[in-house]
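The letters A, B, C and D name the chains in turn, as written, and every chain counts its residues from 1.
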């Protein structure tokens, strides 16, 4: 994966997930806050949505694992080359392992919301574990690289471990919209930073190479990371405001038909996260 | 900003903010504790105060950013000098980035208290993020400096990250006066330590230079930091006692006119932080 | 203990404990969730089980301590060899110290559940302390070893300190099934990793030696650790599902005889952890 | 303070405080648990006790500060020797600073319990700050010492920062007997470890010198630290059991005279920590 595409691909995935989370949690928060907004969504719809999200994450992780293994130059499940006494394509195996844990998180989320078998908070814990494992593998991934290469990946760790910590906190503070949006922000940050890493380490033809040992580059990159963070915060804010505005606009247009009838239904329809 | 003024200016700002916070939170705590003190302030006044605070922080941050960019010797929005292939005035850009996040915190605080759009605790989370980003930039700011220079800035990080942690804790324990006053204390500590850094690294003419490599100086500076902390604690205590005394004195002088009438109003006037 | 057996033995013990915990906590969670499942177990049975668990841990720890001291080549309570001015068998003493703290945890668990003398959460705190001490001793255990040796033991520390942190969190969140199963998972991880360490450092005859200085081995081992973690998660999931299924199957077969009679008894039989 | 006495003195103080805390918190827990035990102590007595404890800590800290300054060889408030351009007796100044923060903690505890001016939890926060500052000064205290000297002081930091963390947790979980006894344990550990440091670095005449660079000594010392911890745990257990036994024995001997009369008083007499 030591090329531009290898960083742009996960970057794009994390950007999409971050945007999706920002929208989803903003919408649920808006329906919880606005009385009568319950009719825009029901608990059953929410669960169905979670199940779909889980399935999508699971499928993408499996595709990712298969791609890492069987794409051109992949190890094709060979782990050790006995001839040359060398591990085979360790990088691909590591990336496949990262996908494995995200796949587990997807499967768990699917199970938790499709059945009654497991406690609700398990989806957040497994997501936290998936983020933690990703960071853990990156942490021991950087031996012998150039200074700038190490630095940009270390910065990535802040977003990854930050996401893991946020997910773990959600185990105890489920339904806290601030934590949910912070997670979305950190996911966006991770996504856009993957793109940045691609541009720094494998500049597309036409762009100048970065001097990997210049300390000023390292200083600039640190600051650049903060800008990405500010940008992610801004994106989540825009999504949040749009969603809130749309929900309120819709509620005005479609007045509740029969309040008495809705009263009992409303209660039932409230987000399961609120419990 | 590598001069005395460049440290005295932020130092003064943090000192003012620290004093303001110590006074504000002491006053609110006093009005919450003393029954009938609600008439000294109302919820609407509190919100107006928060909005003003947010605006002031926002304006100062914007002035700070403009000053960093357009003051004599600033980069004037030029980021990269293509002629000499060198980043332009990275220091100024970094300081502008710090101001940016404090500006975001100010804007968020303003929005949270002026409208109903965002959850209440968002102002503390954004403040925590602003402090964290400040510390994060300082952390990667120290490459290649002399021992004492690194050491005084590392000590500063304790106050900054301490402030960030306190603000994050307030997301979950809002209205806890101890956390609020601890934040004020750490802000004062940061302010007075900026002054100390100025005196140590750029001693005003007339004062002796500090030997940057003497380990005894480093030992003394560590102890000196503790004294600044003790001094900040003392300042907050004095402010707290004064405010408490004034509130109680005023309550005695102006007895409630009609208790029955106030009863319902009181309840409404209670601090929103208590909820 | 620098041999294969010396790592396989504690590995096996931790595997057994991890499996036992996974089963125990799954069962209790299942009985708490399924109404009427109280008749499958009673509070008295639970306490008796805890007392037995405490006694078994205590006995095994004492056996371990005696084995470390009096097995062939052990120090036999000699701590310092005055003749050669050298500490005697420090390794054995260190392992005995680890056993000592697990013994204390067992004794405390026994006392807490057999008598009313101590607060309930003490068993988790003491367990956390035992894990912490184990990790603490390993942390200062690694001086002057080869790179791979240090690395595999450092990875072990994640499982150990993770277990300690989980146990400490349970002091405040007792009865949270996610924390309990996470602890079981980390215990299994520790157990299977001990076996892995044995295979890496002391490959049984017939297997190739590992190159202790090859960085690729270190990269592989990190990934391998994640696989052990995934395997431990899978094991706990299987145990959890089996136990849940068995509990539900049994409840169907043996319908409650007299609901009215059971009602009051049920309440009494609920897990003490729920309080 | 680089001598045996300089470590035995604080060690003894911490041992006394640890024992006192173990007794105090065990007694309060016993009176809270045993119904009717309220008559053995009243809320007023508890407050008086806390005030006395605060005063004693305050006085000892002031004596400590004066001793550090004016004892033979002390700096007598001279901070800088302009003649030789050297800081004067930095060690004594550092120790005086440590005493200063414990003095502040004592003064705060006195104020909190003697008046109604400050929030209750402030005493724990200030105690946490005092421990933190002690650890903070030790952390930057170790430059250029021998390996064993650095190591024994680093081990001390675990007890100090552990105590600080426990005290901070008590801000949010006040009255949790486990945290209170853990604090007592860590205080005892600190006390006995100070004695150990004295014996290791300044062995009294007649005892052999320790080889400061032998790694085996360092390994032994780590293990020895765990034994001190086990010993501290044992001591607190013994104190706890004795106090519990005495309280129950006394309650049996002096049966409540008039239950009806006590009922209302009891409620009032309950520990303020419980609120």
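Descriptive notes on the structure:
The working rule: contacts are C-beta pairs under 8 Å (C-beta built on N, C-alpha and C of every residue); 3 or more make two chains touch, one makes a residue touch a chain.
For clarity, every value in this text was computed on a predicted model and none was experimentally measured.
When each chain is reduced to the average of its Cα atoms, C sits farthest from subunit B. The distance from the centre of subunit B to the centre of subunit C, each centre being the mean of the chain's C-alpha atoms, comes to 46 Å. Rounded to whole angstrom units, the spacing between the C-alpha centres of subunit C and subunit D is 32.
Annotation for subunit C: no residues touch two or more other chains.
Chain contacts here close into one cycle, and each chain has exactly two touching partners. By the touch criterion given at the top, residues 86-87, 90, 93-94, 97, 100-101, 104, 117-119, 121-122, 125, 129, 133, 136-137, 140-141, 143-144, 171-172 of subunit A touch subunit C in their complex. Of all residues in subunit D, only 29, 158, 173, 177-178, 182, 215-220, 222-223, 226-227, 229-230, 233, 240-241, 244 touch subunit C in the complex they form.
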